[in-house]
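A short write-up of the structure that comes next.
First chain written, first letter: the chains are A, B and C, and each begins at residue 1.
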Amino acid sequence: MSTTLSDPARAEAGAPMPSRRTEQIRRFSDPILFAALFVFGWQAFVWISGFHPVVLPPPARVFRILANQGDFLVENMLVTMRTIVWGFVIGGLLGFVAGVLINYFERFRRAVYPILVALYVIPKAVFIPLFILWWGVGPLYKILVTVLLAFFPVTENTITGLQGVDREMMELTQSLGGRRWFAFRKVALPFSLPFILAGLRIGLTEAFIGGVLSEILVPSTGIGSRIVEAAAFSNTEFIIASIMVVASFGIAAYFLFLWIEKRLTFWQ
Amino acid sequence: MIHDSVAPPGRARKIARRLWNTRELLLTLLGILVFWIVIIEVRDFHRIVLPSPGAVVDAFTGNLSEYASAGFITFYEMILGFIAGGALGFFSAIGIFYSPFLRRSLYPLLLGFRIVPKVAFVPLFLVWFGIGVGVKVALASFAIFFLILVQTLLGLTSVEPELVELGRSLKMSELSLLRRIRLPAALPAIMVGVKLGITYALTNVVVAEMVVATNGLGFLVVEARSKIKTDEMIAAIFVVAFIGLIVYAVGLWVERKVVFWYVEENR
Amino acid sequence: MGIKLDRLDKVFQTDDLTVQALRDVSAEIGDSEFVSIIGPSGCGKSTLLRLVSGLLPPTQGTVYLDGTPVEGPAGNIGFVFQAPTLLKWRTVFRNVMFPYEVLASQRKATGSKEDYEDRARMLLKMAGLEDFPDAYPKQLSGGMQQRVSICRALIHDPELLLMDEPFGALDEFTRERMNEELLRIWRETRKTVIFVTHHIPEAVFLSDRILVMSPRPGTILGEVVVDLPRPRIAEMRESVEFLEQVVATRHLIGIRPGDDSLSPDFSSPLKDGSG
């Protein structure tokens, strides 16, 4: 899945091209403008509808929470991030190894791949109660849930990537007497790297779901628990502020990953 | 590719070979089952920690009507959420496509927003749409909205320029260009969204049921946990998994049918 | 390097299918000879190259390189494919050096890294790429990429060069220029070359001898000895002798004006002169 948006409708014949410079300024100014419009629309909607602040708090109240209790929210988010990062790293590694084994060992593929595909496409959240039963409600359980969610996209993409490795390039390496391990490191791995990274990007998304969902289901520490707490007190502005913190971390993590991905696959 | 000198094997032989080819899978499944039975004996697990396969089968047959009615609720809400979120995402995508301002301002945000766990919005939806159908359908539509929006936009922005030029050279109006060229060309990307979307809808309905709801399959799973009836819980998990597989298969089938020309091309 | 193909059979067996790719293929190729193999798509030409290189074992028969039977990849062969098949994350220079790395990992490299690097520079110069050692493949045109892959095939000074439709993806102008460059390189290095193509004038222009293969299962229908003088230069493509050789090869494959429904008006002035 491509994630860059070139501007094809504009590049099409007929459309007047704004200057390069205006284009670049707009790339930054437009999202800011949009955010401002969004907040204004939100405020306007609160005025017009006359909703009670419990149903829809005005933006000012949410910003006040962010200003006054921002540290507390970020602290909780960092706890959640620890789960997410551990789950992502372990799940990603296991997913990669599983993908490699499935791709290179015919028997292993036949034995487990259909099971993995089935697990990939079903709602994995239903396994969470089993995890709670077996591993308690501590950090271990949360990391395991995150691993479970992050694992599959990485496996799937690793296999897709390795399947697409240029066959002739592998033959060339073989024809020179290169060993399998050498061909894997120097040819197959770089070839499939873009796919593996894309899988990891999806895995990161899943890891965020795992981190937050595991806390919402068993509230104790972390931002998910704070959201559940706030819900119990109908503290809507706090919920919205918490979501904003989660979203900021998520979006930052996403673009950080995208940046690393671009650097690692510079030849693309 | 392959012409002559090919010996067509007999039908019976073919089936036998197919079965033979799944031998490793069957052995693995058998191995898991044996492990399940043996570990209960060896480690002397209590039935709360791990019930025997027999107990799970009993729990399943004993609660069949309950699973059926819960499954119906989940399924119904899944469809509602899918249609609502899908339609909203589709039309928003067209709007965003034709507005350079919205594209520049929203597209990067939308990509980043995919990573935000939608489940964090459940308490909000609870306040806005109420417990029961409301919160579940809201969560499902919310998740699918983004998926279909991004896929549709992706499809629309990657239409071959030559096709659009062809339309322009025929002096097609923009509406007819959209209907006859842009959307059909975007269909493969949209159908990827639809295929994933059905699965997404199910997952999100089940998650909402686990977090707040009072009925549906996800609720059955957490309810069995709170009643400490692990056998019923595992049975419910199997039911969800089974429905998940069917839903995925339907998604695949729909994709194949709708964009058969694309799927075939890319075999 | 002299090559002997001794009654080669190759059968592919999958779960449901049995396909005979080659049947009873025998031929001998002399040292420093340039031999083309020509035939329709799917006649097993590529399979034959893989048997010679030891990538695939024959079902029956033996390949001899300088009298020694082939029992696996030997490492002293250069391979060029239809696609340039470059490593996109490496510069031109490091792509050319790739075979050295493979051989070094096996401790089979003859000579130091510096020797190979000198040779890589020399080859790039010979291929007119001396200005692009640090370019990445995507920055080069298709023809340039293919020249990189030819340099790569020569870096370890193989005695045998196997080329699998190397210019098939290029436009006609580039193809003709590449033909001339290949001949120049061949003149300077005197490798044994097996060149697979389905472009008849190309085969005639390049080769000492052309082996014509039949559709699956691939067998050798016959051979054309190209008696055009060397060095071959571009102008020869328009000579009567050249066209006669092309027509002779066409007839051997079974293409004759008249039963070629795609170009019914084709009539060669040489129609009666040969075949």
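Note that a contact is a pair of C-beta atoms (placed from the backbone, for glycine too) under 8 Å apart; a residue touches a chain by one contact, two chains touch by 3 or more.
The shown structure was predicted, so the numbers you read here are calculated from the model rather than taken from an experiment.
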Required steps from chain A to chain B (each step between touching chains, minimum): 1
Of all the other chains, whose mean CA position lies farthest from chain B? C
Mind naming the chain pair that shares the most C-beta pairs in contact? A-B
Which whole number of Å gives the spacing of the CA centres of chain A and chain B? 18
Taking each chain's centre as the mean position of its Cα atoms, how many Å separate chain A from chain C? 48
Residues of chain A that touch at least two other chains are none
Among chain B residues, those touching two or more other chains are 21
For chain C, residues that touch 2 or more chains besides their own: none
Interfacial residue positions of chain C with respect to chain A in the complex: 50, 53-55, 73-75, 77, 79, 81, 83, 85, 87-89, 98-99, 101-103, 105-106, 108, 136-138, 156
In the complex, go through chain A and note every residue touching chain B. 1-3, 5-14, 26-27, 30-31, 33-34, 54-55, 107, 110-112, 114-115, 118, 121-130, 132-134, 204-205, 208-209, 211-213, 216-217, 223-224, 227-228, 230-231, 234, 236, 239-240, 242-243, 246-247, 250-251, 253-255
Residues of chain B that touch chain A when the two form their complex: 21-25, 27-29, 48-49, 97, 100-109, 111-124, 126-128, 153-154, 157-159, 161, 164-165, 168, 199, 202-203, 206-207, 210-211, 217-218, 221-222, 224-225, 230, 233-234, 236-237, 240-241, 244-245, 248
Which bits of chain A are touching chain C when the two form their complex? 166, 168-169, 171-179, 182, 186-187, 190, 265-268
